[in-house]
Each structure stands twice: as C-alpha cells, then as structure tokens.
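As written, the chains take the letters A, B, C and D, and residue 1 is the first residue of each chain.
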Amino acid sequence: MSETLVKPSEASPLQRAVGGALRSREIAVFAVLVVLIVVATVKSNSFLFGGDGWRDLLVTPAILLVLAAGQTMVIVTRNVDLSVGSTLGLTAYLTGRLFVDQPSLPIVVVFLIGIAFGGLLGLVNGILVAGFRVPALVITLGTLYIYRGVFLEWAGSDRINPSDMPSGFLSLGTKQILTIPVLTIIALLVIAAVGYYLHTARGGREMYAIGSDPDAATLYGLAVTKRVVWAFVICGALAGLAGVFYAARYGTISSGAGRNLELEAVAAAVIGGVAIFGGSGTVWGAAIGAFLLVTIDRVLPILGIPDFWQRAVVGALIIGAIVLDRVLSARQERALIEARDR
Amino acid sequence: MSMTTIDEAVNERTYADYSRPLLWRVFMTREFAIIALLVLVYFYAYGNVANFDGPLTLYYLFLDMAPIMLIALPMTLVIITGEIDLSVASIMGLTSVMLGIGYHDFGLSMPLAIVLALVVGTVCGAINGFLVAYVGLPSLAVTIGSMALFRGIAVGLLGTEAITDFDEKWTDLATQRIGGDSSYPVILIAFVVLAIAFAILLHFSTFGRGVYEIGLNDQTARFTGVKVERTKFCLFLLAGVVSGFAGIFYTLRYGSARGDNAEFYELQVIAAVLLGGVSIFGGRGALHGVIAGVLLIGVVSSALRLENVSTNITNIVIGGLLVLSVISGSVLSSVSNLRQRRAARARAPVKASHRSGQPDDGEKAASE
Amino acid sequence: ASIGLTACGGDDDGGSGGSGGDGGGDITFLPKNLGNPYFDASTTGGEKAADEFGGSIEEVGPDQATPDSQVSFINTAAQQGVGALVVSANDPTAICDALNEARDAGVKVVTFDSDTDPECRDVFVSQADAEGIAKKQVELIAEQIGESGEIAILSAAANATNQNEWIKLMEEDLAANYPDIELVDTVYGDDDDQKSFDQTAALLSKHPNLKGIVSPTTVGIAAAARYLSTSEYKGKVALTGLGTPNQMREFVKDGTVTEFALWNPEDLGYLAAYTANALIEGDISGEEGDSFEAGDLGSYKVGADNVVVLGEPFVFSKKNIDDFDF
Amino acid sequence: MTNEARATLVLRDVAKSFGAVAALRSATLVVHPGTIHALVGENGAGKSTLVKIVAGVHRRDGGEFRFQGDDVDFDSTAESKAAGIAVIYQEPTLFPDLSVTENIFMGRMPHGRWRRIDRHAMVAEAEAIFARLGVDIDPRRPAQGLSIADQQIIEIAKAISLDASLLIMDEPTAALSGVEVDRLFAVARSLRDEGRALVFISHRFDEVFELCDTVTVLRDGAYIDTLAVDETSADEMVALMVGREVGDLYPKTPAEFGDVVLDVSELSSRGVFRDVSFQVRAGEIVGLAGLVGAGRSEIARAVFGIDSYDSGRVRLAGKDVPRSNPRSAIAAGMALVPEDRRQQGLVTESSVTRNIAGVIRRQFARAGVLTTGMENTAARPWASKLEVKTGALDMAATTMSGGNQQKVVIAKWLATEPTLLIIDEPTRGIDVGTKAEVHRLLSELAGQGMAILMISSELPEVLGMADRVVVVCEGEITAEIDRSDATPENVMHAATHVHGHEAGASTTDSLQEGARA
C-alpha cells in the first residue's frame, strides 16, 4: 500500500524499495516494536525467554488485535466505532451466561453466538449511521452509553467466575500450538482475513474508495450504504469475538469488562497508519499498532518506568505517529510538485 | 434587465429582514425543542419524583453539572468549527494535579497555585491548538493522543497519592451558595459570566461569525479574510483554559487532587453539546441549546437517581437521547425533501407514457 | 399523576417503616461500586438485618469506583432524607463534605469496609482492625514461602484508604519480624479484572525470583489466582490475601492457593445495618463506649475513634472452603 | 418517428430544479447510434445537469427519458452504468488514495478465484487503454497528485473501458493539450464507427466542427434547436446559444487609465507558475486568458494572499502587500471574486446578509461586537445596488439561482470599496441576462477608476471586455496583447505555446486555427 508517488523511471528499483520501506508506516512502527522487545529482553531475560514470557508477549495483544482489525475496517470507510468496548463487555457477559445457563453448548457454538451477537450490535450502528446518514461519531457515542447501560443492567452485580465456565473453554486462553497461543492464532487469522478482504476483494477496495471520497463513490454508483453497514457489522462481530476472547482469557467477567477499549482500538489503528479520515491504511499497520500499544504497557515497568507513566508514553506515541504521517506526506507532496515542474 | 449604476439604485429594491415571523424563528428551532424538552422533564420530575422539589436538588444539580457546563461553552465553539477536543477531561485531571502539587509540594499560596494550574491548562490547549490549526492534523486523532498524554502526565506526577490538605477557605468557596442559603452555588456566577462572554463571542462578534463560516465552508472563510488557523488555535486554547478552570473547581469541590479526577468527562461534555443541537460537522448550533442540553442531562440524571434508578438506565436514556437527537434531524430533513420532490413531480408529471406521438423536431437535422 | 401517587406512597412506606420521624428506618447502602460480589454479599447481610429489625434497604452506587460518582449518590440520599447512609468510601477526603452535608440534613452516616476521615461519619464498622488484617496476611505469606524470599503486593486502586493502611502496616510488620522477606514491588490493579490480571503477569516477568504475592483485595486475588493457575508459576509462587470463597474455590482446589483470609462480608453488612439502625433509633449516638445488640452477632461496643470492629479475619483453606457460599 | 424509435437516447421536455434554481426547464436531446452528438450552450445552460440526469446522479422532476427504446428512470449511477451508459463528468471524480487502475475499474473490478480481484488483468487493460490514448501514466501509482490533464485522461480511460453503448463526455478536452485531444478524437471516431452513440460537450467550436455530426443547442435550461454540423456555422450556433446579438453582451465603455494600481513582479511558485509580471492601472480591465489549468487562478490566489509564493513581489498602489495574508490584502484595497462560487465565494448555507457583510463586518462592528441588525443595515444597500433577487435578507444563499449567488459574491466584495477587483470567471454558470449585467457593471466600475483583473476562460468575454489581454500558458506569461491587437488567433496561439517549445504538437495550430466566434 505504500507505493511511491514519483514516476517509476526516476529511481532505481533498489532506491525505490529502500525509499518505500523507509516511508512505510508499518515498517517504522514494527521497528519500534522490535526495539522495544529487544530492550526489554536485555533488561530482563524472562520478558521473552522466561517461563510465560513468550506466551504472554503473544497472547496479551490478541483482544486488541481483533478489535483493531474491525476498527480499521470502519475507519477506512471514513467512520469510527466508539461502541466496541461496550459490545465487547456485553458479549463477554453473554458468553459467560451461555455457559451458566446452557452448560451443554459446544464451545464452537458459543463462539459463533458471540460473533453473531456482536455483529447484531454492529448492524444497529451501521443502520443508524448509513441508513440515516448521520455522523458515526455521535451515533456510536450514543450506543456506547446504551450498550454499556444494557450490559450493566443485565449483569447487575452478577459476576461470571472461572468456575462457571468449562475448563476446556478457559484453557483456550492459554493453550498453545507450536508455542503460539491459540487466541493469537485466531487473532492473526482474523487479521489475515480482514487484510485479505480489504486488499484483494472488490468490497474491500470499495470501502477504501468510499472513505477516500464519499461523493465520488456515489457518482461511481458504489453501494455506499451497504458497504458501510457491512463495515460496522464486521467491526461489531469482531468486537463480539474479542468478547469471547476476553471471557476465555480472563475467566472473570464483571461490569468493567471492555471499558475504554474503544479509544485504544482507535489509537492502535491511528498509530498503525490508518488515516482517521478514511481511504488509506492497512490492517497490518493497525495490528502492529495494537501490538505496540499493549507491549508498551508491559515493557515500561521492566524498564523501570513506573506504570503510572504508561499512558503519557502512549499519548506521546500517538501524537508522534500522526505528526510523522504528516511530515511524510508533506515530503511526498513536495516531491510531486517538483516532479511536475520539470 | 439593465443594471442601474451603483450610485443611484439605493432605494430601488427593498428587502425584508426576515422571511419568517418572529415566533416561527424562535420556536421552530432545534434549540427551542431542547429547551422545551428540558422544561417538560423538569416540571414532570418536579411533580412526580419524590424529593425532586426539595431545596437541595438544584444546588446539587448545578454543582454536579458545573464542570460540564463550563467546558461545554468552549467545546461548542470548537465543534462549530468542525473540530473536536477529546482531551478536556484529561486537562481537568492535569490541572487538578498541578493545583495540588503547586499548593502542597511547591508551597505556593492558593491564588498562585490556581494561576499555575490555569497556565498548565492553557499550555495543554495551546499544544492541541498548534497541532490542529498550524500543523493541520485531524483533531480527533490529535486529541485522542493528547487525552492519553495529559492524563498520563497527571497520573504519573502524583502516582498513588491524593493531595487533600487544601485550605478550608478555598474548598468551602467551591461549594458555597450565593447569598449563603440559596439553591445556587457560587460557581454559577462564574458560569454565567463565562456564558455571557461566550455568547457574545459566538453570536455577537466578528470572531463568532468566522467560527460559523469555518465550520460551514473554511475555504470561503479564508477567502473572506477570516484567520482560520488563528481562530482554531484560539478555540483550543480557550478549551484548555476553561477545562483548567473546571479542573480547579473540581479539585476544590472534592478537596482532593488526584490524577484520575474527572476521568471520562469528555464524552459527557460532547454528548451534552451534541444533544444541544450542535452539528458534529460544524457550522450549526447555538449556546442556549447547549446549556439546555447540559441541564437536560443533569435533570434526567438527578431525577432518575432520586427514583433510585441505577446509573445504567440513566446512561441508556442519555445515549438514546443522543441518538434520537441526530436521527430526528436527518429524518425530518429527508421527509421534507421527499415532500418537496413529490410537489415538484405533481407540478410537472413525468410523461412516461408519452411515446413518439408528435413530429420530432429534434430529429429534423439528425444526419443518418 | 398516578406515578406521582406511587412515588409519594413509597415515601409513606418509609415513614411507617421507621420509628423516629420522617423517613427513619430507610437505609441506603452505597458500596464502592456496583457489580462487586463482595459488596453484594454485604448488602445481602444488610437486607437480612433490615428484615429482622423491620427497616428497608436500598442499594445504590456508581458503576466505577471513583469518588466523584459516589458524591452524587450521597447528595441524593441527603435530598431523599433517608434515615442512614452506609458507605464504603472510595476516597477518604473527596466524599467528606458531601457526607457532612448529608449529616446536616439529618442522615446518619455509617462507613464500613473502607473508612473516611473520622470527622465525616458517625461510626465506622470495621471488618477487623487494620493491624489484625495486616498481620494475618503477612503471617499467611510468610508461612507459605518459608519466611524468606521476594514478595510483592497487588493492591486495588492507588488511593484506596483501607488498602493503603494495610500495606503500610504489612511493611512495618515485615520489617520488624521477617528480616528475610523482601517486599520488592507494589502494583495496582484498580479492582479491575483485566488490569489485575495483566499486572500479575507483569509482576512475574519483572521479578523472576518472586516467591509470593499478597493481594489484599478480592478482585485482585482472584485475577492473580487465575493467571497463576494457567502459568508455569502455579504452585511455585505463593498467593494469599483477601478473597471470597466462591471466587477462590477453584484455585484452592487446584493448588494454586493454599490459604487466604477474609471476614464474612455478609456479617459486615449485617452489622453495619444494625449499627445504622441503632443510630436512627437513637439507641447509640456513636460515641466511644456505646453498646448495642446486633441480632445474631450479639452485642457490640463502639471503640476508640467511633469504630465498631466485626472480629478477627477468618482463614479459608481446602478443608473449610466448601462450608461457605458467598 | 421511426428514427426516434431507433435512437439510443431520447430526452424530451426534461425539467429539473434545485430548490429555487430551475437548472432545466424543457430540455430535449435525441442521440442516434453511430453518431457523435454535440451539446452546446452557455455556462449554466444546463448541459451538465442533463448529463447527470442521464447518468442517474439526479432524478428529473418531469419529462420523458428513454434509453434504447425503453422508458427508464435511473435511481443511481450504478443503474445507468449497468444499462450501458458511460459518463465523463465535467469535474474529475477520482479517489486520491487508490491507484490509477483501481480508479478505472472501481465498482466493477474483475475477479478470479476466491473472489480475489484480478490486478494483473486490470493493469493490463489499463495499459492497453493508455496505449490506445497514447499517454504514459503508470497504472499502479495513486491518483493523488495527478495533474488536471492526467485526471481527465483517467476519466476518459474509465469511460472507454466501460464498453458502453452511450458515451457522454462533459468537456473532456478542457484541460488537454493538442496531441491528447487528437488521440481522444481518434478513439471517439472509432467508437462511433463501432456503432456506439456519443455525446460531446465543449465550449470549443472548432472541436465541435471537427468531431461531431449533429449539434443540439440549449439555452437557459430549454431546448433551442438541433442542427447538422455540416449545415451550420459557428455564428449561427452562437446566435442560438445566446439568443440575441452577441454585441450586446459586452457593453465595453472606453475609460481613462490612471496610475498603476497593481504591480506584480517576477512572482514564482514552484510547480505552479514562474516569473509572472504584469501591471493593472486604475480604470483598466486586464484580462487574464489561457486554457483551463494554465495557472491563472493560482496567480490570482497568490496575489490576494490565499496561497503563498516562493519569490517575487506584489505591490498595490506602490505599497508592498505581505505574502499569504488575505486580510492585509483586503485592508490594502484588494477584492477577489473567486472562480468557485460554492466553495470559495459563498457560505451557501448562510444568509444573504451574512454573506454580503462577510468582509466588511470587521469595519462596522464596534470593538468586534455586532448584531444581525447591524449586519442587515450594512448589507441592504449593497444587495439593493446589485439588485439581488431574494425574498428576505435572512434567506440562505442555497435557495438562490447561480446568477443571484454571483451577485451576492460581487456585492460582498464591492462593499469593501476596493481599488483593485480581481474577478475570476465572472460569468461562469450564470444566465445570459445576468451576464450582460455583470459585464456592464465591470465596465462601469472601471469607468469610475477601479482597477480590474479579470480571469476568464471564455475568449469572447476576454476580447469583449479587456483593455489588455495577458495570456498565461503552463504557469508562464506568454503574451501581453492590447485590446486593439487582440484576436482569437493570437490569444489562442499564446495560450498553447510556452516560450521555446510548444505545449501540444504541431497539430495544435491547425486545431486552434478554426478559431472561436
């Protein structure tokens, strides 16, 4: 997605590859991530090699990875979904309730119900936003309140405890295949699927088009409403999946589940180079952004920075990422103008 | 057809000032709808909710809503220019901490600590404003970042501590009532002064006209000589200062400076502003609607709390109001569009059945 | 109008339920936040007590444990003119003014579980005296790790009054009596499952030699136990603290946790309700030396600083855990 | 009758209003397969609106619409595309973030297995189309940053790739150079020879005569006549378009020139214009002529301070005007009526009052404070002087016709009582009557000693109104011609020739030689 803008003949292929890579947001963020992990490991071996280090490194971001993938899809269409945290909480609780009330349900079915339920909540968002042509920010801010209110009202003080859920399900939270945690594998599959869709499917490319210029999209005769509704449905469904993940990983679901995750999901996408006004960015970028956000949280204490400062670092990182983006695109623009002058 | 020369034509044409009668202009607005709803809910609660008519209700309502009412003022202007500021609650948290540190750790006198806190709020606003207006970054993304940054600094500075040993004189001031025993806390004086100032700024000043123009069409605004960047910068700065002031009030009211003070207030402020009829796309909205929006949220929460209804239901009600308020606008306008189209079609019916009946004058020269 | 009537009717019920004046006998429970099983248990206890003495209990609360959100509920209680407010404070100072205003409005204020500054309430019903709680936890962890090695504390919110006091007392106790035990870190899980869970993980990776974790909060100990039970540290790193039997049962049985402590939160709520009732009825004024009957729990005396102490913390282990359900 | 039955497209008595603006009253257009049909009319005649109705962007309010014999009523552009209609819109509509190829195939990308879009096939086809058009654009590059001409080429490629039975081109050549136009015409002819129907909209008569078979004239949203191109002349077409003698349109009164008011020297902005120097004297109308995209608007924007520039200086009445600061340009006595009324001239959703008082409000406000009443008082005389037709001063500008909107913009700037008026495309999209009014107004203003810099893409307007013509080509001034010496030929020649080399190929000459009315 990071094609160079200068005419191809003007740079050698090597220059182009190097230049492209350096300009690529994904690679820059990935480099930061790697440096972070290396530094943390040097400081404390167990971060990577000790006991659960490797597993935790991979499994902790799983939930945010899934959320960021969905959020990317919505942002690409020039919308935003602030209700994902509430959707996650609601679905996580639903998952727990299902195990309590229908202990015989197979785990796969619970996964499917969670996804479907999240999708349903996303559908509500999508219909409100695309159907009534009103700003997503306002609508999903409203449903953030509503979904969480419904969740809390339903759950009350009821808390789902690990003992309420089958151990087969809970072990998903830690189970590893070839040392890679199952949840991470699922999250990566989701990323791959969403990325594949956005990159190579008609619908995906149309989502970019819609985000790039909604008016032009209408002129082209694209099914704007349908695509936007879909983006919200997928985002909701992924938040639902993340809810099931949450239940499996944390075992305990209380009213706080998923609170404030929405802004983290948006932040992950923004750090990963997804333009907040749609039309550009990749789900890989968002995934790396999510990985980075979560890992920073875990690394800072190891580096001796009190965890009170974590959020400040995250904030600085987000702002840095947007400024970097602007600097890069300004440089490209200048290159283009100069190319035209010749 | 001919145009009279510039100098003569002064009284050629006369224009009415308004196309609609005064009453129509007053009552048929989003703002009035919200005010009407507020009055309705207030009197319903007054008559039907036990203890709502008590002397404490309004006092607590104003105290609780004061920070939101205050920040809603600059936020209205920010949103009218088409931007948004998500970092206001974090600025409150940071100024709260700075007040505590200034007073307790630096040993400043209270007025000096307050000045320090206000300066910090101003700097925060300036950072947002610089990034949005002069660097040209999207405010949604910038303020998501600065929200985390400012909050992070606040929490980082104070860690686990809470500074509580504020001078009684000052903490009492925050909760004092006007005239000693009325239902109105003194913070209302500050609010009224600020509200008047912001109303003049937005509705009766050249600056305010520019604010609307930027929201409706920033290109035209630029061509007209509006300083788009400077205006946006000033508004973020104002949002920072007022958030700082709200943070100080908050700290004194609770007598406790903590990093996590006022967390999540930003969404409430934005919800109130949008409920008050301000368009998230910018260019539309008025301060009286916004104030009514904030008070509506306050009255609804207060009444529901008195009924021992849980916060969750309150949140559902507020979320529902928010969604309805935007959707209703869109539904109304699409209905009126549809009606207009129907009317147009009725005037000139589509002649679908008309088929090559008459000689075709478009045909006569067609070369084939 | 019909709603108005029922609302007013509710008011009347309150009046008839109590004995002294307007709305007496109405008790409002205000826990740190709703959705916390510990406080569910205490409210259940309160309701049981109210059934016995014929009052009514209403539970209200914020959905997050922040002080400012508690204040508006205190204000509401003052407006409603309830008989007594039973509150577990999120912040010792921030809710002080509001509590005093409520008291000015005639509301009796009982704090329980987590206290405010003493001048803001009538009586504090303490689950056990702080020293007892701190000592018990130190004793448990010392026993489990063999009196030497690194330990860490996983607390709730950084500002929680009771937590911080216990932590301070634990530090003193450790320094005085257990020279070989080193407290290497204190982290805060904010009584949030996810955060406590992730904090546990971070603790373990940061301190490879850690031998034990003390979590003096029910949410924290459960989250930590859940993490340990799925990690290689299970059985190697000791975990103790304050937890509820229902949340900990699984981990006690699978060996992640051997022993932990807690008082019975139901009894705590029960006692707090009786204390509140005694204040409303005027049986006690809350001064040191007053004594009153608390139903099944017997007779209690108000101690120094107007504190009523429930009793010693109770230690749960594999042997007895199945006898409890809360 | 039988003829019409075989027609690809039949539009009859089509009407369309936007609020108060009647864009189309009774438009008729019949296009046959195997022909290229020209649609001509003045700015604002309703050509683009008609095109958008055929494309399904707008729905007509009334009238008949048949495509290939069937009554149709397209609800979206997807439907018209599916029916076999390809449209090149007047304004390029590209997705800046997507690649050129994706822009061409968006909405109908071919896909292979696993519903995976077939990028290779798309790129290959895009390259084939570019080869056919004889242009060299990398199909993989993003559309962002393409020049207007390249954007237009992509629009053309998009339409051609649709393989449609009706191809409508709304001013496709406006930004193209001679060679590109030639290639386009060759392609258009081959499409015609395949039996497709084409509609071609252009303001350049030479192109109409070179390419088209039939021509339909619209005026003020109404059908006027359809003629065979062979049997008509440019003069006849103009007479039909304008509806009266052309001379009326340009009531130029001779004026005395005073001192130099605007002095632009060696203004350069990288990639946009170079070494631009010219002067405007009091009482003089200087016409800035050139092809669309030559950079005239950019020069005006830089002079006024909307955009910055790299070097050079701008002086007004002998004083330097600071760079990129519109407010000090206004204070110095400059006014700019921009080319894009909706995006730059007006806040369309705002009232007449607020628009007119938009600039002068800073003068009558007391310490920055003003009221609607004060604004009304200030705006009313100017609305009246320009005879703005509106019910009340609080009506939104959206409710008004293009001509009236233009009057509001002019009123807004005249209210500042400027010494220099820069007016960019003064009559774009306004009806004939208003057009004459605007021209008379300009003439009068010059007569009163105002210096006027007029940018116009309509050669007759430039020739009719300007005392001096400054011609811009690819960001450079290529000629300065006095009113007496200016002819369509020498202006066009300068507009297509940069110093030294030619913008187009040698064929340009012959193309432009056909000259305009």
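In this section, a residue touches a chain if its C-beta (ideal position, glycine included) is under 8 Å from a C-beta of that chain, and two chains touch if they have at least 3 such contacts.
Quick caveat, the model's predicted, so the values are computed rather than measured.
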(request) Write down the pair of chains with the top C-beta contact pair count. (result) B-D
(request) Report the most central chain, judged by the distance from each chain's C-alpha mean to the global C-alpha mean. (result) B
(request) Would you kindly tell me how far, in whole Å, the mean C-alpha position of subunit C lies from that of subunit B? (result) 40
(message) Can you work out the whole-Å distance between the CA centroids of subunit C and subunit D?
(response) 75
(request) Can you check how far apart subunit A and subunit D are, centre to centre, with Cα atoms defining each centre and the answer in Å? (result) 44
(request) Could you tell me the distance, in whole angstrom, between the mean C-alpha positions of subunit A and subunit B? (result) 30
(request) Could you check subunit D for residues that touch two or more other chains and list them? (result) none
(request) Mark out which residues of subunit B touch at least two other chains, giving numbers and ranges. (result) 159, 310-312
(request) Specify, in ascending order, the residues of subunit C that touch 2 or more different other chains. (result) 34, 63
(request) Using the touch rule from the top, collect the residues of subunit A that touch subunit C in their complex. (result) 44-47, 50-53, 56, 60, 152, 155-159, 161-163, 170-171, 173-174, 246, 249-257, 259, 297-298, 301-302, 307
(message) List the residues on subunit C that touch subunit A in their complex, please.
(response) 33-37, 39-40, 63-64, 187, 192-194, 197-199, 201-202, 204-206, 208, 219, 222-223, 226, 230-233, 246-247, 249-250
(request) Can you check the complex and tell me which residues of subunit B touch subunit C? (result) 47-52, 54, 56-57, 60, 63-64, 159-162, 164, 171, 175, 250, 253-256, 258, 260-263, 301-302, 305-308, 310-312
(request) Would you tell me which residues of subunit A are touching subunit B in their complex? (result) 80, 128, 132-135, 137-139, 141-146, 148-153, 260, 263, 266-267, 270, 276-277, 306, 308-319, 321-323, 326
(message) List the residues on subunit B that touch subunit D in their complex, please.
(response) 1-6, 9-20, 200, 204-207, 209, 212-213, 216-217, 219-225, 227, 283, 341, 344-345, 347-352, 354, 356, 359-368
